[in-house]
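So that you can tell them apart, the chains are marked A, B, C, D and E in the order they are listed, and the count of residues begins at 1 in each.
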Amino acid sequence: MNAPFYKFDVFGDTAALGVAFAIGLGMGWFLERAGFGSATKLAKQFYFRDLAVLKVMFTAIVTAMVGLFLAAQLGWVDLSLMYLQPTVLWANVVGGLLLGVGFIIGGLCPGTSVVSVATGRIDAFLFVMGVLASQFLVGEAWPLFAGISEAGEMGQITLPGLLGVPYGLVVLAVVLMAAGAFVAAEWAEVRFGGVDRAAQPLLGAGWRARNAPRVLLASLAGLALLGMAGGDPYRGPRVVIDERELALLIQKEADHVTVDDLATWIVEGRMEVRLIDLRHPAAYAAGTIPGAENVPLADLPAAEIEPGERVVLFSQGQTHAAQAWMLLRARGMRNTYSLLGGMDEWNDRILFPELPAEPPPDQAAEVERRRALALRFGGSPRVEAAAGAPVAVPLPAAMSPPAGVAPPAAPIPTAAPVKKKKKREGC
Amino acid sequence: MPRLAMVIDTRRCVGCGDCVVACKVENDVPLGHDRDWIVEEIRGRCPGPTLEIRSERCHHCADPPCVYCCPTGASHIHDYGGVVLVTASKCIGCKACLAACPYGARFIHPDGYADKCTFCLHRVEKGLDPACVAVCPTHCMTFGDLDDPLGPVRRLLDSRPHHALLPEAGTEPCIFYLT
Amino acid sequence: MQHVEISTTRANPLVDPVLQVWGWEIPVYLFLGGLVAGLLALSGFYLLRSRTASERGAWPQAPMLGVVLLTLGMGALFLDLDHPWYVWRVYLTFEPASPMSWGSWILILVYPALFAAALLHPPERVPFGAGLLAVIRRGSEWMWARPRLVQAIALSNLVGGIALGLYTGILLGTMVARPLWNSAILGPLFLFSGLSSAAALMHVLTLVRTHGLVDSTYADLLLHGLFQLLKPPGRDPSTAGEAMVRADAAFLSVEGALIALFVIGLAASTEVQQQALQLLLTGAYAPVFWCLILGTGILVPLVLQSLELAGRIRHTVVPALLVIAGAFLLRWVLVQAGQVSSWT
Amino acid sequence: MQGSPRPYANPYLAGFGLGLVLLAAFVLMGRGLGASAAFSALAAVIVEWISPGHAAANPFFSRYLGPGGGLEEWLVWEVAGVFVGGLVSGLLGNRVRPAVERGPRVGVPVRLVLAFLGGLFMGVGAKIAGGCTSGQALTGGALLNVGSWVTMICIFGGAYALAWLLRKEWT
Amino acid sequence: MHRRTFLKLGSGAVAGACLLGPGVRARAGSTPPKPTGEERVIPTFCDVCFWRCNALATTRGGRLWKIEGNPQDPLSRGRLCPRGTGGVGAHYDPDRLRRPLLRKGERGAETWHEVSWDEALGFVAERMQAIRAAHGPEAMALFSHGIGGTFLKHLFRAWGSPNIAAPSFAQCRGPRDVGFHLTFGEEVGSPERTDIEHARCLVLLGCHLGENMHNTQVQEFAEAVGRGTTLIVADPRFSVAASKAKYYLPIRPGTDLALLLAWMHVLIEEGAWDRAYVDAHGYGFDAFAASLAPYTPEWAWTETGIAPDVIRETAGEMGHHRPATLVHPGRHVTWYGDDAQRSRAVALLNAMLGSWGRKGGFYQPASMDVPAWPYPPYPPHRGKADNPDQRYPFALETLTTGLREATLTGKPYPLKGWFVYATNPLYALPNVDETIAAVRALDLLVVIDVVPSEIAGWADVVLPEAVYLERYDELNVELFRQPFVALRQPVVDPPDDQKSNAWIARELGLKLGLGAWFPWRDVEEYLRWRVEAAGLSWETLTSRGLILGPRTPLTYEEGVAPEFDTPSGKIEFWSNQLQEKGFDPVPRYTPPDPVPPGFFRLLYGRAPVHSFSRTQTNPLLHDIMPENAVWVHSEVAHRLGLRSGDRVRLRNQDGVESGPVAVKATCRIRPDCVYLVHGFGHTARGLRRALGRGINDALLLSRYRTDPLMGGTGLGMNFVTILPVEA
């Protein structure tokens, strides 16, 4: 399973809009169920009367976080493909504070306001108008805001990355923190909100009401713990691939190109091929196939390769290229090939081919073709001398006209009077 | 009664667009509107696909959906030669014929009525070829009576492989492309 | 896969790069036409079926409303014409092969039927022209006195409504050049869509009236007609509303089934039609088709209506409004996507 | 059935459900939930409708108008879904009613003005912070995004800081 | 997702909002009202390009209606090309220049005020006298294109300046003329003396017949294709001609010479050349043949990318059909700076096939003898400024780029005034910056044109000319299969104060005191004298438009005696002329510059509906092709995330960036090239219709390599990258 599906082109842009609508349906449903269509209910959060906001939000965060973590650990989801809003520290701080101010003044947030409007709240409609108006404001005065929104740029960074601790540990910590927060919230509601203790899920009576959340939290914590056993959830060392498909490809020899094919492609300019030389930069500098770029094997995971690009990988021999091929296939690159035999084969067959000195007539054209190819790529054919030892033949006289073979100094007839022909312009 | 038709040799046609310009001049077609046009259709693999260049226009179908859908009878089959014509003074501009034509041959004239190729009936009645045919520097178009067994149209169709456009639409087009 | 590139020098407005001859006017016309067809058929049906005088008055102002909506629809149609002042040409001829010609004549015939039905239910009060109202009232009484005539009017309403509803779909269905429209299902589909939207409209009006949002003594002709529409003397308005909900649910179900048939029909047809269908199923119109037509236009209201009927939730205008919006979007999308679909 | 609104769901179960929806968004799309960008896109579309040239020239609006922008913006459709989902849930819960939600001590006009004002703040804040409560706090929170946690803390911080001053609005 | 789908979606999603949306339906402006009234047909000859087809213009009630080919005309054979048919638009073009203009603001600011002809010509004369006083008469240069320049050239010669140049030599067909001249002692001429009609095998190298609408050639080409001629096309782009070919060779740009050499190698290898013909007429063939030894098809494959067996097979076809095998010399052939040598190779290949002078090859054209007006002799001059010390020893004509260089450097002597007639050096000459720098260095720039082109924007004086339908011009004494004399005469009156070039030249000549060279009262008198001096009837000519001369033998088979104006009197396979000047006596291949990574070679060409940059503002021609698009190979486009219709910019190796242009993603071009049709992307404000439509390839041609033989400017060494258009 390769998820997120959209990023693996399981469905397209148009279908994504349908997905958006469906996800929105779910989001709207649960927000409304939770009572987030009511501004008064939301505002109570800030007076410790009704901490539903905290409870719902943190349960949701914890659920999604643990679920995602587990899915990543199982290799179902590529966590690195999740869109991560870049952290812009000061923008986050200032924006967050403004959001908080807006929250307490308006009693709603953009998402909940939509639900609130849907359930007929007129105040929410005004709130939505406010948000919309602010967008015109922000748009017109964007240069003013652009500065703030870029202050403190830190890039895409997660808490585990920032703290340098295992991902799972942070997940577990968040779950535990949430559990603590819930208990505190329940207590606060009883204390400030005048809520009957008995009606409180975590504290009160009623087996189902009390235990369902507890079971939920406990199992989430347990799952987080379980997931921690897997180490780093990001894809990389452990790759999920369709072994059968790859095996079939390899068997069908659809995984590689021969040096002859490649040379022909290059010469005839027939295909858009991206040639990647996987060898050490020094080896690359010493000579490579024309048009190749150097991406040492270790840097391959970081290389920017579009999923649809046609890529030919080669190394000195065969092995590294084949391994790199696996890496790229596992990344979902479909048009990836390795160069059979690598540079060694290129040298042997293209640059310095062994050619018979006096080929039988039926092979003459082919021998000539190979010779021309070798010269084209800067090599020279080894010719089997009669003795058998390959001897490099001198290059043909560098395509220069044979000097000194001018025609015998036949008396050049005096030029006939040039007839003046009418000339006209026109390109 | 002749059945007027056109045969266009796609091998000779170079897609220069002379037919398009000639039509505009001859028939005073408003700028930004085309009664005839050039289509280039490429099929096959690179390099060396096949390229078919066609001069296209109203096909003057024997079974014309644009005529059938017209609520006022403005679109009609002319008595002479089966030419499909529009009477501007009857057209209400409902655009049903534009939607009904699978070839996109019609357009709304800026004056509000549906307009299209007339096979240059005003020229044909004088014994001339349509302007597009008469002007073509490659001589790729032949115009005449489809039903005349000895006429140039029939003879070309009998001697050369050809196809019509969208025969599956069932409109029986009267323009044929030699391949 | 074979590589195909097609380029053309043609650049006719409305035709290139894809056909766009019909903008908002035609979908509005088809929508209102369908709505009126539904109103006609429903009121005709009730007029025919009702036995007592009080029952006959169950849907008194539907015809009047129909006149107004149909006029609006024809206004939209008129706006779409590029040679509008030649429109009288339509009535100098009858073109049996042209659905539009049929439609023009159907509209001409529907108007008298609508007026006759409207005359049967004159408003109680009007802001001015009381004298005229008295004349109308007398005419109305004269008509009621002749049951055969009333029956004939009812029948003409019913038949006219069905013809009008079918015509709106057939208009598109005969355009062979547009593969997406090339389906015989469009006629019944638009008919049932019209019926469901008409039932929904009546439901809305019942509720508005039930909730007393409008002063019933307000004498404006149109509003009076609107809000008196579903006033069933001697009957609880909510029951009448329920009847409409029931009818609506039935029509919606049929509509859903017809859409399924439409899709299956195209999918089982030629390649061009399958490609045309992809415009709806996966192409540019897919989100609107799936989410707003099938989802919130049919399925959501169906669920809500069944819950309402089961007494699980209150009657609200929400499902009815969703149905009406869905019915409009159905025509919108079919008209737009159909124009884009082509043989090439 | 006619009658009083039904009670809200258990917050933990509602939260669990919301979490599953969020997870579905992650798995299907590789992105989380959001709302504020839908408003930006809508605003951009409106501006473009009024003055296409102005919209194209504006760096903020033009960002929301390219391919995949405008009404094709993912979040626009998501928010449309939120609306319908909330509506359906409200209908089933008998909670749809036209009303102005307000604290016991403020009048309707005041509440409406404050709601508008709150929307303004939120809109500006969301654009600076790079997302609102849904886009930053909820989504980013689940992804353990540093900026999102900062934003989340600041949202609650800002709200709690002002809560005392505004107690008359709500209590 | 694209804009269009957004609109559709948008319309569905916010149906309500869009109901009231702008229902704008773009309606293009309509053509002038259809002329009615009495029909009159007036013969004349066309001037939309230089082919000079004879045409019949029809007026109705004195207004121009249409233009058709003259059926008696051997050139058009009664059928004009789209440009000729669309010539109507030139007369009705609303953007035409109307009155003489004097510059008001800075050079290049396109600000003028209207003046009378007397004032404008007086100003010009005054400036010219000043320039003569300071720098001599040779300091004036004339850039001219087409037959309309005849009287201006006469004016310049009478004035004492030999610096008269047309871009058609150094930027176009010069290398071909030189290559053929060196080989056969004769040029191909224009119209080309190619007997396409009878060719059994036709070879085109980068020549896109059908897209370049040289009327007679295209008609013969269609005839040949219809007849089933074996067509061999080598072109990096799958041109229209390529689509009709039996063999399409998608050659790597810049390697045509390798292909030619390999073909000749195969002909020798297989003994398929015309031995008898070469023995009879060739000079130095054995040495030439020996020089071909290394150029095997296998070697050529590695350069051209054309498979060796294809090279052998095509060479075989050529040999099989000889001498009716025509290797077309092309027309615009200034590609890579070795163009004269490449053209020589074309000539040599034709010579090996025996096609020169033979049916289906190159025929011997003829013309009629029409005496010139007996003017007094022109005054002597210092020699031309374009080619000091015969730097380019084989330049047959004046080099435009040489004049530009002399203007910039003041060597060999300063050039201070330019006349520009019916050409646009900003489009025609490579490296626009250099041209502008030269213009800035001038004391006087006079532009005579029908529309306010870019160069007019830089002029001190702009003189509006009547279009060809409104004036007389010099007689066309055609050198062709069948000779004829043709007359251009006014069909309609100029709509405003436009004047013919002859009138302008004469009036200016009189103001300059050159009355001795303008003894005729008006051009009609001049023309009538010439026609009658040739023993022809003026009345016949005015009523028929042309008078045909006797048809003479065209080929050796028909009895033309083979003559070669070369030093050896033979076809020079080995050129001692070249060797003496230090050049290769036989063609030698040098590989082209490689395409830098991330770049594409910029190719350009013609479209059938436009002539250079002159016709984009013609309403009728604009209508069918309003802008150009950049052709990009479909796989490249896919990799770059581009689809047809997307807008991109091109930036060349020197950082010159184009405006936005639409992409045409197509498999009709090699992946290492992009292609533009020349002549678009106008920036002159007065060309309202064409302004900003498409992009100008000439701006991106900032680099050129000069042909050492003849000074032609090879333009094929420019590379571009593709940039997305920023929102």
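Going forward, a contact is a pair of C-beta atoms (placed from the backbone, for glycine too) under 8 Å apart; a residue touches a chain by one contact, two chains touch by 3 or more.
Keep in mind it's a predicted model, so treat the numbers as computed, not measured.
Chemist: If you walk from chain to touching chain, how few steps can bring you from chain C to chain D?
Modeler: 1
Chemist: Chains touching chain B and chain C alike, please list them.
Modeler: E
Chemist: Comparing the two chain pairs, does C-E have more C-beta contacts than A-D, or is it the other way round?
Modeler: Between A-D and C-E, the larger count of C-beta pairs in contact belongs to A-D.
Chemist: Just how far, in Å, is the C-alpha centre of chain C from the one of chain A?
Modeler: Here chain A and chain C have centroids separated by 49 Å.
Chemist: Using mean CA coordinates as chain centres, what's the chain A-chain B distance in Å?
Modeler: 51
Chemist: Starting from the mean Cα coordinates of chain B and chain E, work out the distance between those two points in Å.
Modeler: Using C-alpha averages as centres, the distance is 34 Å.
Chemist: Using the touch definition from the top, which residues of chain A touch two or more other chains?
Modeler: In chain A, 13-14, 17-18, 21-22, 270 touch at least two other chains.
Chemist: So which stretches of chain C touch two or more other chains?
Modeler: Touching at least two other chains: 3, 5, 7, 9, 13-14, 284, 287, 291, 295.
Chemist: Give me the residue numbers in chain E that touch at least two other chains, ranges are fine.
Modeler: 1, 5, 9, 13, 21, 26-28, 250, 624-625, 633-635, 666-668, 670
Chemist: List the residues on chain B that touch chain E in their complex, please.
Modeler: 9, 11-18, 20-22, 24-26, 28-33, 42, 45-51, 53, 110, 134-140
Chemist: For the complex, give me every residue of chain A touching chain E.
Modeler: The contact residues of chain A facing chain E are 13-14, 17, 267-272, 291, 293, 306, 308-310, 365, 368-369, 371-373, 375-377, 396-397, 399-402, 405-407, 410, 412-413, 415-416, 418-419, 421-427.
Chemist: Spell out the part of chain D that touches chain A in their complex, as residue ranges.
Modeler: Going by the criterion above, the answer is residues 8-36, 38-40, 42-44, 47, 58-61, 68, 72, 74-90, 93, 95-103, 111-163, 166-167, 169-171.
Chemist: For chain C, which residues count as touching chain E in their complex?
Modeler: Contacts found on chain C: 3, 5, 7, 9, 13-14, 17-18, 23-24, 27-28, 284-285, 287-288, 292, 328-329, 332-333, 336-337, 340.
Chemist: Show me the residue ranges of chain C that touch chain B in the complex, using the header's touch definition.
Modeler: Against chain B, the touching part of chain C is residues 2-16, 19, 21-22, 80-84, 86-87, 89-90, 92-93, 95, 97-101, 103-104, 174-178, 270, 272, 339, 342-344.
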